[in-house]
Every structure is written in C-alpha cells, then in structure tokens.
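There are two complexes below, and they share chain A, which is joined by chain B in the first and by chain C in the second.
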Partner chain A sequence: MQALPNYALLWPELLVTALALLVLALDFLVPKLRKRALGYLSAAGLAAVLALSLAFLWGRQESLYEGLFLVDNFSLFFKALFLIVGTFVILMSVDYVDQHLEHPGEFYGIILFSVVGMMVMAATGELLTAYIALELLSFSLYVLVAIARDNPKSNEAGLKYVLLGAFSTALLLYGISLLYGVLGVTRFEDISSKLQAMDSINPTLLVGLTLIIAGLGFKVAAVPFHMWAPDIYEGAPTPVTAYLSVASKAAAFALVLRFFAVALAPAVDQWAFLLVVLAAVTMTVGNLVAIAQRNIKRLIAYSSIAHVGYLLMGVAALSALGSNGLLFHLVGYAVTTNLAAFVVIIAFFNRTGKEEISDFAGLADRAPFLAMALSAALFSLAGLPFFAGFTTKFYLFTAVAREGYLWLVGIAMVNSLISLYYYLMVIRQMYIEPASDASRLRVPALLSGLLAVLVLLIILIGIYPSPLLRAIEAATRAIIPA
Partner chain B sequence: MSLLDNHLLTLIVAVPFGGALALIFFPSDRPRAIHYFARAVGLLTLLLSVYTFATYWSKDGGFQFRESYPWLEGLGIGWKVAVDGITVPLILLTGVVLPAGIFMSWNVKHRPKDFFVLLMLLVTGVLGVFVSLDLFFLFFFYELAVLPMYLLIGVWGSSSDFGTFIRTKEYGAMKLVLYLVAGSVLVWVALVAMWVEAGMVSFDLEVLEKASFSPGFQRLFFPLVMVGFGVLAGLWPFHTWSPDGHVAAPTAVSMLHAGVLMKLGAYGILRVGMVLLPQGAQDWMPVLIVFGTINVVYGAISAMGQRDLKYVVGYSSVSHMGYVLMGLATLEPLGVSGAVLQMFSHGIMTALFFALVGVIYDRTHVRDITVLEGLSKRMGVTGAFFVVAGLTSLGLPGLSGFVAEILVFIGTFRTYPLLGVLGVIGAAITAVYILRLMAKVFFGPLGDRWKGLPDAARIETGAMAVLVFFLVLVGLMPWPLLRLIDVDVATLLQRIAGA
Partner chain C sequence: MSLLHFQVLSAALFSVGLYGVLARRNAVLILFSIELMLNAVNVNLVAFGAFLDPGRIMGQVLAIFVIIVAAAEVGLALAIILRVYRNRGTVNVDEIDLMKW
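Coming up: the complex of A and B.
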C-alpha cells in the first residue's frame, strides 16, 4: 500500500476548485467589480490550467488511492476537452450574463465546479467515485438550468431536471448496489476480473447492469430516457444549454466508455445487444422527432439525441477503433460543431430575444457571417464533407462496421439522410425566406472571434484530422491496450 | 513543366476550390470584380483540363499523373489521384462546361459572390471524384458535389407554374438533395463493406482491386453501387429528382448538374462497381440494361408530353443517360466506349440545351412551348444553336451524339438485340419531339408577343459557340477521344471477363 498518495497529480482539479472559490469570493467581496471581469478571469484560469495540465501530465500513467483516481492519457484527454469547453462556454456566456443575470459569480463559480466534477468523472476507475463526481456535475447543472430566476421557463426546466435527474440517479445507484451485492467490488479492474472468473452471468447482475445502463442513459439522453432533454434545453438559458449539450454529454461518455471498456469488457456479449438496440432506437427517434420542431434549441436537442445514438454505436462495437471513433465524433460533433451552432444562437438571441426557427428568416442578409457559420455547423452535423462531421462520422461508422455491425451503420446512414432534411429547413429559413425585419444584426467582436475559431476548427478537423487522431489514439490506448 | 505534371491533378482540384476560398473574401459590393474573377478561375480550369488531355500519353493508357500522400493511416486512407483514358475526357468535359456556365451567368445579380462560391465548390467536387483513386476521397468529393445544390437551386432557382399547381424551387432543391444523398448512403455501405471484406487495410482503389471478393459478396453489394450511383445518373425509377431539380435550377447550375454531375453517377458505376466487383457486374448487368432501356424510352415519351421547354430538356437528359447506362451494361468494347463517349457528348449537348433555354427564358420569361412561336426570326443565333443541339440529340451523323449512340447501339445489338431495337425506337421518339419542338418554337410564324425580342448577348453567344464547336468537332473527329477511351475500356473488360 502506498504510504502517501502523490497529491501533485490532483492539482488540475484542485486548481479549478480554488478558481471557483476565488470567483465566488470576489463576487461577494468586491461588489464594484465589473461583471464581465469575473467571466474573463474564469476563462483565463481554465486556459491556464489547461496549458499546465498538458505540459506536465501528458503520458503519465499513474493511479491514486488504490485505483480510485487515474491519471492517464484518457483522463487527460477528457480533462483538456472539458477545460477547453469550459473556457469557450464561459466566454460565450459573458454577454448573456451581462444582460440577463444578476449574480455573475454564482454562474461562473458553478460552471467551474461542474468542470471539476467532469474532470473527476473522466479520471475515476471506481463506481462510487464516479457517482460522486456525477452528482457534483448534476447538482451544478440543476442550479445552472434554473439560474434565470425571473424566467418561468428556466424555473420549470430546473424543476424538471432535478426531479428526473434524481430519478435517474436512483436507478444508477440501485444498479451499482446490485452489482456490488453480487461481485463485492466497485473498482473497474476488480469488476473485470470477477466477471472473467464467472462462468455464467447471474440474473441479479444483469438487472444491475441494465439499471446502470438506464441511469447513464438518462445522463446522455438516450431514448427512451431522453424525455427531459428537449424541455430542459429549451427552458435553460442558452449558454447553459450549450454547456449541457456539449460538456455534460462528453463527461457522461467518458465515464461510459471507461466503465464498459475496462470493467464490463468480459461480459460484452451480455450488454452489446442492449446497446445496439438503444443506439438504433435513439438515433431514429431523435431524428424523426426533430423534423417537427419549431424552436431551434429543441431542434438541437433532438439532433443531439440522434447523435448520442451514433456515439452509442461506438460503445456497442467496443474496440480500439470503436473508441477512437467515439472520441473523434464526440470532439468533431459535440465540441466543435454544437458549440459553433450555439454561439450563433446566443448571438442571435442576445440581439433579438428570439429563438424560433422561423425567426432566422433572412439571416443571410441580416448577419451573413452568422448565417454562414450556422450553415457550416448544420452541414457538419449532417455529415457533409469539408466539415468535421463528415470525417468523424466516416471514421466512427467505419469502425462500427468493422465490428460486424454493417446493418446498424446502414440505419445510421439513413438517419443522417433524415437529419439532412431538417438541417436544410433551417438553412432554407436563413438563405431563401425573406426577413420580416431586415435590420442588420451587429455581432459583438468576442462572439465573432469565438465563432471564427470554431468554424476553422470544424473545417480543420474535416480536412486535416491526423493530429487530433493521434491524441485520440493515445487516449484510447490507456483504456484499451493495443 | 515537370513540377506542373507532378501536381497536375491536385492543382486541377485546387483551382476551383481555391477560387471559392478567395471569393469568400471578396467584398460583396464589387459584383464586376467577382464576375471577372470567377471567369478567370473557369478559364484556368479549362486550360488545365486541356493540358491534361493534351499531355496524357494515350499509347500507354492506364493511370497517369499519379500523386499520393498518406492522410489517415489508421484506416488506410490516402490522397491518391491519377487519371486514365476514361477520366481524361470527363475532365475535359468539366473544364469546358464550367467556364461556359460561368459566362452564361453574367446576369446573376442576386448575391453573385455566394453563387460563384457554391458553383466552384460543386465543380471541386466533380473534379475530385474524377481524379480520386482513394474511395474515401471519391466519396468525400461525391458528397461535396451535392452539398451546394440546395442553396444553388433554392436561392437562385425558379419555380414552375403548371396552372393547377406550382412546383416550387424549394421542392425541386430538397428532392434533388435527398435523392442524391440517399443514393450515396447505398454507395457508402457498399464501400465500407468492401473495405471490411478486403481486410480493413486500405480504401485505395488499386489495393481493393487486387482483393478478390467472393461471388456471393459481389452479387450482394453490386446492386448497392449500381443503384446508389445510378440515382445520380438518373437511373429509372429513381430519376424523378432530375427533371424537377434541373428545371428549378438556375442556368449555370442546370448546365453543370445535367452536363457533368450526372456523369459522376455513371462514372461511379464504372469505376467502383465494374472495376471492384467484376463478377457482380456480370450478374447484374442484364438488369441494368433493362432499366437503361426503360430510361431511354420512358424519358423520351415523358419529354414528348411536356409543355415546359426546360422539362423537355430535363426528360431528354433522363433519356440520354439511358444510353450511357445501356452502353455500360453491354460489357462489350464498343458499347462501353460508346457509353463513355456519350457521357462527354451528352454533357456538352445538355449544357448547350440548358444554356439556350436560359437565354430564351431570360428574354421571354416564358417556357411554355405552346406560347413560344417562331423565335428564330428574332433570335437567329439562339435558333441556330438550338438546331445543332437538337440534331445532336436525335443522333444526326456528323455530330457527336451520332458517334456515341451508334457505338452503344452496335454494342447492344451484339448482346441484347431486342433491347437494341427498343433503344433505336427511343431515338426515333427523340427525333419526333425535338423536330416538333423546333418547328413550333423556332420556325413557325412569329408570335405577336415576341416582335421586340433581342437575340442572345455576345457573351452568351461566345460561351455557347464553344459548346457547339465541341459537338461538331467530336462528331467529325471522334478518334482523339476514342483512342483514349478504348485502351482503358479494353483493360477493364478483360478484367471483367476474367472474373
């Protein structure tokens, strides 16, 4: 047993926690501070932690507290991702917080806490730690969703989210307890070796697994556990929606991927089929329901559900290539593309206060750059070339087909086709329909800058993915040794 | 010139793409500069395609101007380009139609910048498909060619009024995009299946070519390739997007889409289906030739029933693409060569047709052939060009359509005589509707409404004259093209016969 754990390995989490406390304290103690300053401080802090983490932790392969907390390339990859997304979301929120919220410190502080939760989720190798990290994330999100206190929609969304979130947590916890009851362990590696030693799968264990899948299914919004997503995406303040759809989803997938690849790999025959069905249903329902949406945030909610279906295929086809594909699509679709779409939606909302799809009519004349960027994002979501979505989907689908699921990939391709229809309907509003109000929209420099960076990233991932893929392959090797 | 030769094909894709990128940064309020720049890019592409045609060493045949770099080693994807005798004519075709389309767009005043950016992207996709030897990039460019279509038709297109109902441009655009992407779904599934079956090492066409797929596998996946690419080639019964889409599209887009893009479909069947799945090709070609014949006859009959001038041309495209499919399906040297030549010939001819319809519609704002009467009296040049296009279409000797169609017919008669007869009947129907149309629209008495009609502008005349020149040139001297095509068609057919 290790005498003293190497606390130095925890410093990224500790630093972000300290940053969160600092932001909260500054908000109290220096009331005259400009609201924006807190946002810039938080973003700069996250960026600094990102730089330090990459510089000092890349390539480390160590564990703390007997495997409860792992420092490897997989966790580092996700930490970097969360820090980047956190930075972007905070910068995206600055204008919104300025206009709509009274307590910027709470907003930024809670986002920072949730970043800590996500970082631990990606790094944990044990179910209870994972549970605690997930709760830290979820509680932060409950507050964030309801943070626009004078907006009844936001309050309603917050309440719904708490109730359903608690329900899903209960499922997850119950599943964990059943698993523990049968196997007597909660560490991923121990679960794996116990499963390997078993001749047949105990029914109780199967129930436990199913409950865990259901609980995690809630968190990633997989059908049939997706009902909360559209309402909450619509009601939450838009930057929070962006954060929900990007970061919390990525964190849940970090946990899912490590849990299935490390702990449950020996029992792959038991759950692979369940995930395959879940994936097929999720993408189909998500895409079909998306067609009927009138609100842009609900549209993105359903399109996100569909994308969760694609990502779940990567878990079902568990392999190094499948994991690469999942991570690649997660970065390409969720992180860059969805963020870009949300920057446009936020910029539009800040100026007009509207978020129906029909409100985007004539956007190509009112704000050409916004229209172009949103089109790029939508084309990327639909998986058309030059944009990230084409390359990442191609990679993910190829990887899944390789594991013998060509038919599932066929379903996914048909789904992509369906999704193209409703993405084109948004593009039609922006480019073809005339604007009811033809005034030009001014986009603040900060949002324009963020958007330009994101669009460039979308194109870069689309045409020159090898650097990103090298990082992803290194991350995968930490959970699935070649 | 060796630097140019070593990077020729990358350059030929990069020129329109770079043109699109550069145009994005043009100020929107300088339409003249935008138009001139687009024309320069178009002419440069023409120059490069002519250079490719002239320097391709036809005695050797096979793939030339090779270039390859790794791109994603994990999946075995690389940037690998080369052209053979089958692709060179198609590149030349693209190089001719692109500038013609750009010059014909001289009167695009609404958002010219966005228009040309999207048009250049479209052509980047087309050229990319023709030069790619890596299936990933082939698919990449194939989808890229579809991407700009929705906006090109939706923003700059026109709706058609049928009296009782209106076919909106949005409808045509959406239909076209969804049909084509649906086709690409089938293609993609087949591509990945081949990649898996061949050992998951490479998307390189030449590597996959060496993998011998089992007959059962080939029989299962050839139809996916055939129908998937066939959708874009206007294969019956998946052709309905073509008239609706092409009619709704603005002139230059119809020219490029019907002229060049539909050829991607036939090319895909040839390059991916016939090369990689030779056994499957042998098994399924009898089906394809039946569908191709239906294309010819059904397209011609449909064209006869249209009142809208542009729909006539749209359905005639469906009919003429049928000859391409028939020719490919004969698996017989003359037939396949004829099919490739028909791709070239039909590409130029349809581009000319759509350009002419564009000119007429621009002057008269009418496309109803019951209203248009005796236009030749006022629009002499337009009428003369229309006669050339029409006679090519019905296969008059001395024009390119004759050479291509006669080859296809000989090939078909050698293999499926009955279908050959039907094909000839299709050509006869074409003669009926084309001659009737020309008699009415151009050579009847001049309608009162059209007394003050101006003829085609000088810039339009120039662009269309180039197309006419190629129709006549290939009609009189098809050998330079056929020599290229024959060598590689022979190699291909040997491979299929050996399967």
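Coming up: the complex of A and C.
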C-alpha cells in the first residue's frame, strides 16, 4: 500500500474547483441573486486562494503521485500569476458581462475552471497530466470564446478555435505517442535520464519532438502556427480576449519551460536551433503584420505574437538566466501591459461599442485617464525606459545575448523599433487626431481603480524590479539548479 | 504481426486525417478527420505499450485518457458547429469568413 498523497499540497486547485462549482450552483439555485455578485464572489475567492497559497506553499519542494504533480516555487510562482490574472480579468469583465452576455454564472464558472487547468499545467511533471490540464484549459477557452451565443463573430471565432485547437492537440499527442514509443516513459525526469543514456538521437524521436513543438507552438501562437490568433482575438468577447492573450500564453510557457528545461535538456542541441528560428520568424512576422491592422484587438493579437517571439528566445537560450528573463518578461508583458491595455479597451467598448483604432481619435479629450493609461501600456509594450517593458526586455535580451545568440538579440532590437511605430499610431489617434464625437466618456470607478493599480505596477516594475526578480530567481531554481 | 505493422497503420491513419483537415471544407468532416488523427495516436499508444512495455499498462492508460478527452472534445465542437449553423445557415468553413487579415 502506498501512503496517501499529502492533500494539503493540492488544496489551491481543490479550492478553486470548489469555488467554480459554488458559482455555478449559486447561479442555478438562487435566480434572484444579482449577477454582479457572482463576479465579485469569484474574484474574492481567487484572491483568498492566492493569499493562502503564498502563505503556506512558498519554498516547498515536494511531489505528489510519484512525480506527476510537483509543488515547488516554479509552479507556485505561476499559480500566483494565474490567480492574479484571473482576479483582474473577472473584475474587469463584470460590467461587460452585465451589458453583453446572457449567462454570467457560466462565464465566471468556466473562467475559474480554466484557472484550475492552468494551475495544474504549471505543476505537472508528466506528459499525460500535462495533456489533461492543457485540455481543461483549452475546453474552457473554446466555450468562453463562443459564449456570446448570438453574436456571429463570436460563433465564428469559437468554431475556428475549436477546430484548430483540436488539430494542434492531435499533433501534440502524436508527438507524445512517438516519444513514449521510443523512450517508454512519460515523466519529465525519466525522459531526461533516458535521453542522457542514448548516444545518438533516434529519427523517430526527432519527428516526435518536432510534432510536440508544433503542437505547443499552436498553443502559444508562434509563427507559422499563429493564424488562429488574430481572428479569435477579434471575435471573442473582449474580456475573454484579455484573458486569452495573457493567461493561456503564460500557462503554455509554464509547461514549455518546464518540459524543455527538465525533460529535454540533454537533447538541447537537437531543438535549440528549431526554437531560435521559430523565435526570429515569430517576432518579425508579428510586428510586420501588426502595422497593417485597423482593429485594436487584432493589433494586440499581432503584438502578442511578436512578444511570443521574444519569449521563445528565453526558452532557446536554455539557462537559469534565460529562464529568469522569460518569466520576468512574461510578467511585465502579461500582467501589467496587456491587462492595462485591455481594461482601457473594455471601458471604451462598454461606453461606445466600438473597437477600431480610428475610433480612439480624440480619446485624450474625451477620457484623459483612459488615454494616459493606454499610452503607458503601449509604451511599456514597446519597451520605453521607466516602464515595465523596458526593464523586462532589457533583462531578457541581455540573458539571451550572454548565451551566445547575439544576432538573435539584434533581430529582436530591430523588431522592438518596428513595434514602436504601430504603438505610436494608436497614441497619435488618441492625442493628435480630433474626435468625431467630443462627448466625455464616464469611466466606472471599478475600472478606474483597476487601471490605476495596473499603471502603478507598470511603473513600479519599471523602476524597482528587484523584489519581483528575487521571486523569479527562486522560481527558476526549482527547474534549473544553479 | 510486428510493431512495424502497427506503426505503418498509425502513420497512414494520421496522414489520412491530416489530409482531411486540410482538404475538407465542411466543419463536421474536418472534425471527423481530427478524430482519425486522434485514433492514429491511440493505435500508436496501444501498440507501443503492448510491444515495448508488456509488464506495465502505461500505453493503454494513455489511450483511454485520449479516448475520453476526445469524446468531450467532439461534444463541445459539435455544439459550437450547431450554434454557427443556427446563426449562419452553413457549416462550410469557406463561407464563414467575417474576419480575415
């Protein structure tokens, strides 16, 4: 008889699952309940789980179910990130859900389930568990993208997402089956030791690895597997787009980083080149196509593809420093800049129902705070000094250059310059172009509050990143021992 | 029957599915093609499990999970396809083109 697993280590996931079921049940059983209350309940629940997990699990290094589920600083760092993102996304969607969606209980419940999926993804130490967690996340996202049932754009986005998502999963699974066929194991640590024991790389294994990279490339939207992203970002309800662009990417990178750093490290010569090429192509295509965009959500979609390119450099330059850089840039990009940009887009859409870039003309006069916050977010995405994006990009690029990929960093710098152009186009609309409709936009207190917090975070990470960096270094040590 | 037979069968199934995904224009048939690819995975997993690792049941366990998750995936995808059909009156992916780059 095996000893029972230590369930205390699992309770962040269990609590969030319970919260999701509670929200669904309350929605069903208490029809009179004000639907906004469900949103506040979900956000408060996530915040409470965040506080409890940080208080009790930081610094633990344990594994459950013979290594299928790992509780360490790396997984906890990502869990905290997902819980924070989940809380912010739920809070920023409350108004939107009230105005535009019919089924608030399901919206919040499914977001909570997807948070569970992401938390397990960050903690998994084995391929089957990773697959199940990935599917829990993906299924939730398919539903969320299509949740505006009578909106043809949302339907279309959902259809494209579910078909391409299932297709990419099939590629990933075929790769996993080949990997299992050659090595006979699926646990990351076993894969690593089997790879070390092999003197030459088997061609079947290479095909398997390529398919796995393609499958995961779809999930993070790396070029050439990025075609789904712009359509789905545009068609999905805006809070879901915010969630997709931040959380699903962070979760996929949590899995990718652990898988490559722990399982595939012995075969680094075989795949590093593939990832380097993928990174260079991804950032270039993302930035160049972004220039031509007219819809703000599509612009952010392509800009997020470009950022995936930067982040992939961190995986390719596999080292403690590279992994720090990846996590740091992920936090800078995701939590502060993209969430802040989306709060503005949501607030603007709630008032006007528009989302073209030209609709933002004159925003500086109509809602000065929104214009200022969106400018801060875009400057940070472009990587201007004093904003989070500069510090994180600087760290990431330095780390990659130190691993010998100087030319790749050169491409990334040129790309950063290109990105400045299209971010400035949006800012030009807001500050220079005259407004066609000069009425003032009222921003609800909740969104203003969120925005103020996010803008402060952007600046704080930009000028005083050391506490965050210390946490990131502790997280990296769990997967790449120094 | 050797392991090679199963691998060839699986690779053939996977390729047929891949071709279907790329060539078919009806959303339901694309979904079926994806199912073919997933079943190729299952053939692979069960065969590898039986030939290379007979003492353990890892391959079969993996296959069972894949089957279950694939069933859920079909349900979800069909629900979304149904929604599209109600709103648009077509499931031809070429005609579902509100958004293009």
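By definition in this document, the second predicted complex is superposed on the first by the 480 of 482 C-alpha atoms of A that agree within 3 Å, B and C clash if a C-alpha of one lies under 4 Å from a C-alpha of the other, contacts with A are read in each partner's own complex, and residues count from 1 in each chain.
Operating definition for what follows: a contact is a pair of C-beta atoms (placed from the backbone, for glycine too) under 8 Å apart; a residue touches a chain by one contact, two chains touch by 3 or more.
Keep in mind that what you see is a predicted model, and the values were worked out from it rather than measured.
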| item | value |
| --- | --- |
| Partner chain in contact with A:397 - chain B first, chain C second, else both or neither | first |
| First, second, both or neither for A:416, with chain B first and chain C second | first |
| Which superposed partner A:135 touches (first chain B, second chain C, both, neither) | second |
| Contacts of A:178 with chain B and chain C, given as first, second, both or neither | second |
| Set intersection of chain A contacts, chain C complex versus chain B complex | none |
| Of all residues in chain A, those that touch chain C in their complex | 128, 131-132, 135, 139, 142-143, 146, 149-150, 152-153, 155-160, 162-163, 166-167, 169-171, 173-174, 176-178, 180-181, 184, 186, 230-231, 234-235, 289, 292, 298 |
| Parts of chain B lying in touch with chain A, wherever the complex brings them together | 28, 71-75, 111, 114, 136, 139-141, 143-144, 146-147, 150-151, 154-155, 170, 174, 177-178, 181-182, 185, 188-189, 192-193, 195-196, 200 |
| Chain A partner contacts - residues on chain C that touch it in the complex | 7, 10, 14, 17, 21, 27, 30-31, 34, 37-38, 40-41, 44-45, 48, 52-53, 58-59, 61-62, 65-66, 69, 72-73, 76-77, 80-81, 83-84, 87-88, 93, 96, 98-101 |
| Chain B-touching residues of chain A, taken from the complex the two chains share | 321, 324, 364, 368, 379, 384-386, 390, 394-395, 397-398, 401-402, 406, 409-410, 413-414, 416-417, 420-421, 424, 427-428, 431-432, 465-466, 469, 473 |
